[in-house]
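In the two assemblies presented below, subunit A is common to both, partnered first by subunit B and then by subunit C.
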Partner chain A sequence: MIEKQRYIIDFTISALLRRKGKNITLLVSYTLVVALLASVMFLTHSLRTEAAFVLQGSPPLIVQKLVAGRFDYIPVEYGKKIGAFRGVDSVKGRLWGYYFDSFTGANYTIMAFEEMSLAPGSITIGEGVARIRKIAVGDMFPVTNYRGETILFTVASVLSSSSSLVASDLILMPEKDFRSLFNISPAYVTDFAVTAGNARELPTIARKITKTLPDTRPILRDEILRTYDSLFSWRSGILIVILCSVIIAFLIFSWDRASGLSAEEKYEIGILKALGWDTSDVLMMKFWEGAAISLTSFLGGLVLAYVHVFFASTTLFTPVLKGWSVLYPDFRLVPAIDAFQVAALFFLSVVPYTVATIIPVWRAATIDPDTVMRAYR
Partner chain B sequence: MIELKSVSKIYNKGRPNEFTALRSVSISIQLGKINVFKGPSGSGKTTLLSIIGCMARPSSGRIIFQDREIASLPERFLTEIRRKTFGFIFQHFNLIKGITVLENVMLPAYPEGITRSALKKRALDLLDLFDLSNKASSHIEWLSGGEAQRAAIARALINNPAVIIADEPTAHLDTKLSSEFMDAMHKLKKDGRTIVIASHDPIVYDSKHTDEVIAMRDGEVIPAGIRT
Partner chain C sequence: MRKSDILFFIIILQLFSICLLALHAANEQEASLFRLMEKQELTRQFGLTDLCIVTEARYTRHPAVTDLHSAFQDAPMSFEHFPSGSFISPPLRWMREKHD
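Up next, the complex of A and B:
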């Protein structure tokens, strides 16, 4: 039995090599389709994982001020009022914003950060900023202030983080430098980060804040997480819709390849049957043929997608899937793969192809060999 | 004895291109002899060979082989009979291009699952018998007409069949090679095999080795004594 399978596999390999051109074309197009789909899956899953990772370290509740529905700086005294609510553990004012670097065309996240005890005039930068600016510790980094004057900062350190997304585009500086750079009064901060002794009390605290300070907007971490999740799902959905045309083209091609056995292939099946091969032997041979093409393409596509997403920074989809203002400069995602998605891709690509290959072969193999040979001679 | 009783074969039944290839043919094929069906193109010789060799089923009638009615057997039994009992030599040889002569010869034995060393030895012995040892690793497309036919004969013998079926085997051979083919068939007959040939080549049906000639025309057997 094993020997028979070996003979059949040997013959399958020689059959694949006999129709090299056709099979290579199929293999390449199949691999590219799998790579495109897998790239979308890898990217959206990594972004979701990344967002969840980022938010893990972020405050459970953020309070912002709104003026006419627009975000505005919040008075420091609001912090004292929020701190007085029962259950609130700590309230910390934060200063942050975005900085457009006209030299590179990139947007960075700029933040006042006291915990690192940075000396005045020095900054800590993310790995992405260092890479795009080609600077290292000790180099100068020019920043334009609110008056249009260029202020030089010394790079004190470069952040390295397990999460590239959180640290990549970051510039950290002392609070005093931040305020003078953007002309922000000491009476205001960007927002407040609030923590509570009991996390379950946070929704209640958020409701109290809205009631007492109606011009504020409390944002819970869980809400952000849900928003990110639906945002990336929506964006990956859009991309999959765009890719649908590619998938449909591939399906038509594979169906044509599978259902339209060439006259040569049908004739060959007739010869094999005439020589004493069972229908099951012919089906087995064609099954191995289909499996070899679809599995090779599937694995090749996965590897290609992995390289594309995690090493080539998803060059093809970046403009569609990532917000340019937040995620530029370029960064490398931490590899995260959802086994369920990979399994789904397997069942949506390998299984239909193999089945589509088998059906016409079964039709050709179940009729009399004499008929097959007469019809396709 | 292989017996055909009132065998008819209609292709594309019920369609505009329907045609009757065999009309109520009843014949007996003697085992251990060289039997030749002769007749012009379209007389039904190839169809008759296909039905005898279990490659096609008759539309009606019975086929008795070794005291057993085989026309109505399920496909898998017919395949087994075909593989174990019959060896085929086709008009166009039907060797598979792109693989070697040795692989072509071994092909019918793959479903048997014999060990590779034993199968290879058997195939090489057959190639040696037909002076093709030096061509074992050659691809089919590199063979001459005579060599391709000898390879086809070797392939027909790989499963050690009791009956050899040959359809117009000399159609693409010159006179010398055709005579050599009949000599080879004679040797196989002496080994105890039955040879069934369809041909309209006088070298075959007038050969001194031929034991039985059955004349056919328009899907019917012409009774002995009637001039063809």
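Up next, the complex of A and C:
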């Protein structure tokens, strides 16, 4: 039985090699399609896994103030009111914003941070800022203030490159410097980070905040985590686009197969039947043909995708992710593979192709060999 | 060598490569645990809310805490101004608010 199958496979491969050009093109394009889809899956799953772990450290509850649908600076007074709610452990004002660097054209996230005991006039910068400005510890960093004057800051430290995924574009400075740079009154902060003794009370606290201070918007850490989970889900724009192209590509493959065999292939089936091959043997031959192409393409595509995402830092997707960004973090993702997604990809690629190969052959193989040979001679 | 042997050899080689890559993934996960914890601690220390993946727009740099944005707000013909906006879907919070 096994020997018979091996002979059929030998014959199948010889048949494939007779149409070398067509089949090699098919194999390469099939591999690339699988590699593209698997790359998106690996990238998004790794980002989701990393976000779920890293953002466990983010504040349990953020409270922002909204004015006409856009967020505004929130009065320190609000913090006192929030702090008075039962269950609230601490309320800490955060001061942060964006700074456009006209020299490089990059956008930085600028933040006041007191706990590092930075001396006035000194800053801590992320790896991306140091890279793009080509500066190091001890160098000066010019920042334009709200009056258009250039203020020079000394780089006190640079955050390690391993922190790139969270802090590549970060500039940390003392609160006093931040306020004087952007002319922000001491009576306001950007938002509040709220902690509670019992994390299960946070949704209740958030509801109380919305009721007491209707112009605020509380954001729970769970919502932040869910946001990141949905950001890179199947519903994301580019994923849908890529998925659609892959589905269309498979439809073309399948249509090509299902719409009928070439005259040469039909003639070949006729000869095989005339030589004494059973319909089941012909079907088995075509099954092996479909399986050989789709399985090798699927496995090859998976290997290519892994190398692309985890060794080559998603070179192909960088232009899309980078977009107009001048500062692009140089991060290396921790490999995370979802077995369910790989299984889904297998059933999406290998199974339909193999089935689509067999159906038209079954139609041709059930016709009288004499008719097939005369019709396609 | 028979042609079927060549096919099996290629498939076994591919499966072996996948096993090696799975081993690499497992090793990397273990090796990078400290790095991940360091990042988590940094996030806690600075009170960060977002990953720094795309820095081109407010709503792609800080999607979790950004203000609301609408299509055509950046330019009259701009359904989506930034390429990364097609990669990053709107926060779940907005959709939930819409349904509420």
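The rule is short, and it goes like this: the second predicted complex is superposed on the first by the 221 of 377 C-alpha atoms of A that agree within 3 Å, B and C clash if a C-alpha of one lies under 4 Å from a C-alpha of the other, contacts with A are read in each partner's own complex, and residues count from 1 in each chain.
Note that in this section a contact is a pair of C-beta atoms (placed from the backbone, for glycine too) under 8 Å apart; a residue touches a chain by one contact, two chains touch by 3 or more.
The model shown is predicted, which means the values in this text are computed figures rather than measured ones.
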Q) Looking at the overlay, does A:A187 come into contact with subunit B only (first), subunit C only (second), both, or neither? A) neither
Q: Check whether A:P335 is in contact with subunit B, with subunit C, with both or with neither, and answer first, second, both or neither.
A: second
**Q.** Partner chain(s) touched by A:S14 [first = subunit B, second = subunit C, both, neither]
**A.** both
**Q.** Comparing the two partners subunit B and subunit C, which touches a greater set of residues in subunit A
**A.** C
Q. Which positions of subunit A sit in both the subunit B and the subunit C interface?
A. 6-7, 14
Q: Please name which positions on subunit C make contact with subunit A in the complex.
A: 2-4, 6-7, 10-11, 14-15, 17-18, 21-22, 24-25, 28-29, 32, 35-36, 38-58, 60-65, 67-68, 80, 82-89, 91-93
Q) For subunit B, which residues are in contact with subunit A within the complex? A) 47, 50, 53, 55-57, 75-76, 79-80, 82-84, 88, 90, 92, 94, 96-99, 103, 106-108, 110-116, 155, 159
Q | subunit A residues within the subunit B interface of the complex | A | 1-4, 6-8, 11, 14, 17-18, 268, 271-279, 281, 366, 368-371, 373, 377
(Q) With touch defined as at the start, can you tell me which subunit A residues reach subunit C in the complex? (A) 6-7, 9-10, 13-14, 47, 50-51, 53-59, 62, 64, 66, 69-71, 92, 94, 98, 106-109, 111, 113, 115, 126, 128, 159-160, 162-170, 172, 191, 193, 219, 223-224, 226-233, 235-238, 241, 292, 295-296, 299-300, 302-303, 306, 310, 319-329, 331, 334-337
